[in-house]
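Note that the chains are named A, B, C and D in the order they appear, and that numbering of residues resets to 1 at the start of each chain.
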Amino acid sequence: MDIHQTRTWVRSIAAAMDQHKDHLTQLDSAIGDADHGVNMQRGFTAVVAALDGYEPAGVGDVLVKTGTTLISKVGGAAGPLYGTFFRATGKQLTGPVADAEQLAAALDAGLAGVQKLGAAVPGDKTMVDALTPALEAFGAAARAGEDEATAAEKAAEAAETGAKDTIPLQARKGRASYLGSRSTGHQDPGATSTALIFRTLAEVLKP
Amino acid sequence: MDIHQTRTWVRSIAAAMDQHKDHLTQLDSAIGDADHGVNMQRGFTAVVAALDGYEPAGVGDVLVKTGTTLISKVGGAAGPLYGTFFRATGKQLTGPVADAEQLAAALDAGLAGVQKLGAAVPGDKTMVDALTPALEAFGAAARAGEDEATAAEKAAEAAETGAKDTIPLQARKGRASYLGSRSTGHQDPGATSTALIFRTLAEVLKP
Amino acid sequence: MKKLINSPDTVLDDALAGVAAAHPTLKVDLEARIITRAGGPSVGKVALISGGGSGHEPLHGGFVGPGMLHAACPGEVFTSPVPDQMLAAAQAADGGAGVVFVVKNYTGDVLNFEMAAELAGEDGIEVATVLVDDDVAVKDSTWTAGRRGTGATVFVEKIAGALAEQGADLASVAEIGRRVNAASRSFAVALSPCTTPAAGKPGFELAEDEMEVGVGIHGEPGRSREKLEPAAAIVARSLDAIFADQPLAAGEETIVMVNGLGGTPLIELYVAYADVAKYFAERGVRIVRNLVGNYITSLEMAGASFTVCKADEQMLALWDAPVNTPALRWGA
Amino acid sequence: MKKLINSPDTVLDDALAGVAAAHPTLKVDLEARIITRAGGPSVGKVALISGGGSGHEPLHGGFVGPGMLHAACPGEVFTSPVPDQMLAAAQAADGGAGVVFVVKNYTGDVLNFEMAAELAGEDGIEVATVLVDDDVAVKDSTWTAGRRGTGATVFVEKIAGALAEQGADLASVAEIGRRVNAASRSFAVALSPCTTPAAGKPGFELAEDEMEVGVGIHGEPGRSREKLEPAAAIVARSLDAIFADQPLAAGEETIVMVNGLGGTPLIELYVAYADVAKYFAERGVRIVRNLVGNYITSLEMAGASFTVCKADEQMLALWDAPVNTPALRWGA
């Protein structure tokens, strides 16, 4: 993944958030406070603006800038969590390109940042439930010598499955946890936006 | 009309207000503030309580007490107006019975009190539009030598017609006047309660 | 009907019990249904007394206290109080210098206060009346009961109350009250209706995309029903109506209230106030004092009313004078 | 959606412009989205800073002023603010004695304030955090993000703000804030939902005869959905929940708030307060201070929240200390 592709990825996430804003908000209104779509859209719109005219030295710079902007613009739970994810991922990637293994390691650092901040573990019905299988799939593919496009496709599929698999879970973190057993039967909005993020990565890297 | 009949009249008004509360309120919600039924019911419930155990010396005492209680308990436009009507009527009737002509003159004094206080003239779409034809009919019958029962029946019919005839009028007094031309097409609640008051009088005096 | 009440019949009595429990600075006579200052009458000072239907809280009970009202007479919801209440209030509040009745111009209020004034007079209490009729939505013509009284009531009560507190005589207190009323204009827009407990259903209906322009504080109809507009347009049409009735020149000083009708969040009132400030700035008319909040409400009605008082120096000085009531407090 | 706004996207900016225009005692930085005291930082004094999603007005901006907050950071409606805001607020408000962040316990608020505390620390500003988690509707367990923060925020801000005003050091101000929180419990009941401008439709649905028991200030679900009840029953179940969590013995002194959620008329809050006073009287528990009104709202939601603080002498003395903010003012 080069700088150009990284920019395209982030721009594509912004487009995806525009497109899926209402769906994410609808999911968040079932078990949260009906703002996840708006939050993500506001954040990535700001990211696109921040990247405009920005001259990054490396792939990581794009992601750090993305994370920093998300932290500054989103608020709520998703802002610091996704912001940290992109910042921590970006900090690992100093070069002008990142290969599959480098990207896998960087994304793992991103997830570690999310978990350090939010203390969620898989099964808590959060974005971690999409991030974890996505990064496992990505890492496994990378270690097996697959290229980034293939790894990203597998990660996207795993994230989508992970998001769907949050449906039966009872939330233990975030606003949804207040619902108790009533949080089951609904898909987690953050896990869903994570799936969108990996789907766009797969599309951008598709040869 | 003797003291007993006068008491019965006032009690019957209370019963009529109970029964027609919702209708009066509905009329008042179209061109007023939806409280005329409640106001009248509250007022006459208090009147019945006030008359309980009260030993009047004359017919007029019952009506004065009725008016005083209405003034103390109703509020709004109807409280002082009906209160004054009954008080001013009652003040004319000092004896233990009142014949048709005495009653006619007393009711005229009641209407004069209403008009002095509220400054409404016929055609303004108020209770005066029912009171005026009712008292004209009552007076005409009395002057023609008819008995109270007949006079009251004619008054009731005239009041009912008068109330109906307020429908096309544009209000010039009270809250309905704020509606401007939108007040037309609706029957005035106060004129309607006046018609009820005369209908009960006719029923009470019916031999 | 969804209300936090025990029964439609007891709303007023229950609420008065709550006022009594909440405010040690007030004395609530649950029997006579009057709210007076706990300290009793101010000997030698004029006492300001107001009243009207309930459902407009904090008006009037929330404005009883040093620097403002001496007594309030709450009627049933949206129904003017009865003369007995005003008489009891006059008797309880008169400090020997007479009482001023502040009366909003509705037939019911006017008639009941008129009767009370007569009764109080018979009791040897001097009474002056200030009639408030600031709502420009309704024309004062032979076709109406006159202009309705609304937001200016708050200004009259604050400013005349301050003068009374300073020891001015009955005529002066009444006069400043009348001057404040004459200098004030109001206009309201409703986005949704309200439901009185007794009626149990909304006083009028508004479609999802409609608003009532020029609505009265009891939900009385206004000038017209229009498609819902952005705040800036609602503010502009309200202030246009006010300025058309009382033109204000650049440099003139005003007190402005953006008042919530009960169901409108404060954040929206601030949005509206920003538009009000812009409207005034564009015309060079100065807002030197303001109130933004719920001061004279219509139960849970959504919407806002706008009141503009062209204030002179005396009014401003009296505005700034200390006031200590549940709903308006400064300098104390 | 019927709102007095210009556009869902500009609600916060427009409202902040209104706050700026309305309150000369406040300084509003529209760029940084912070509200501070017009007078600038108080040199040598601890500065109390709070923030959270908007839509809860007057919280927090309405509590900025002498004796209470030094700065408020309003987020988008129902969305916690971002660290940049808290950092800007800390920089603007720090008088050299450090800042206290008053944070309601929601994941978003906690994470953003945490980040801000780190950034402020890097800037050499000492930061202490008081986490408010008074809502007994939700249990603090491994299954939840902890108890939610609600009405106690007002008590914490008033009492800790008073101590800061007196010149106490950072640790003491934070400590009293934590003590007030620990001594406070809240419970809310919603009769109707609310609609955020961005969402355009209600956050949840309630049938005509239903209420949400234990609702959160963003419309988070509570303990159960029940058939609508009279005020006395709603008060009893709310106070039962509070007393079950923190038993209060006869003779103990409390500060009690009956808070409107935004769409409930003040007259109904007084009805509820009468029932609250009765409930306390029956148990011999004393209410020695109270607030009845809209202090921490949820847009136009109908309903009320109840907050009880078991107050000691120091808390009461600090409660009575002068405060001069748009929404809470006495002694000044």
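What to note about this one:
Quick note on the criterion: contacts are C-beta pairs under 8 Å (C-beta built on N, C-alpha and C of every residue); 3 or more make two chains touch, one makes a residue touch a chain.
Note that this is a predicted model, so its numbers are computed, not measured.
Where touching is counted per the definition, chain A and chain D have no chain in common. Seen from the C-alpha centroid of chain C, the farthest chain centroid is that of A.
As a whole-number value, the distance joining the C-alpha centres of chain A and chain B reads 76 Å. Centre-to-centre separation between chain C and chain D, using Cα means, comes to 29 Å. Chain centres here are Cα means. That of chain A falls 54 Å from that of chain C. For the pair chain B and chain C, the distance between C-alpha centroids works out to 32 Å.
Among the residues of chain C, those in touch with two or more other chains are 77.
In chain B, no residue touches two or more other chains. If the chains shown are joined wherever they touch, the resulting network is a simple chain of contacts running from one end to the other without closing. Here the touching chains pair up as A-D, B-C, C-D. Only residues 2-7, 11, 14-22, 54-55, 57-58, 62, 77, 191-192, 208, 211, 228, 230-232, 234, 262-277, 287, 290, 292, 294, 297, 299-300, 302-304, 329-332 of chain C touch chain D when the two sit together in their complex. Put simply, chain B touches chain C in their complex at residues 25, 29, 33-35, 38-39, 42, 71-81, 117-118, 170, 172-175, 177-180, 182. Interface residues of chain C, counted against chain B in their complex, comprise 53, 75-84, 106-108, 111-112, 114-115, 138, 142-145, 148, 196, 198-199, 203-204, 216, 218-221.
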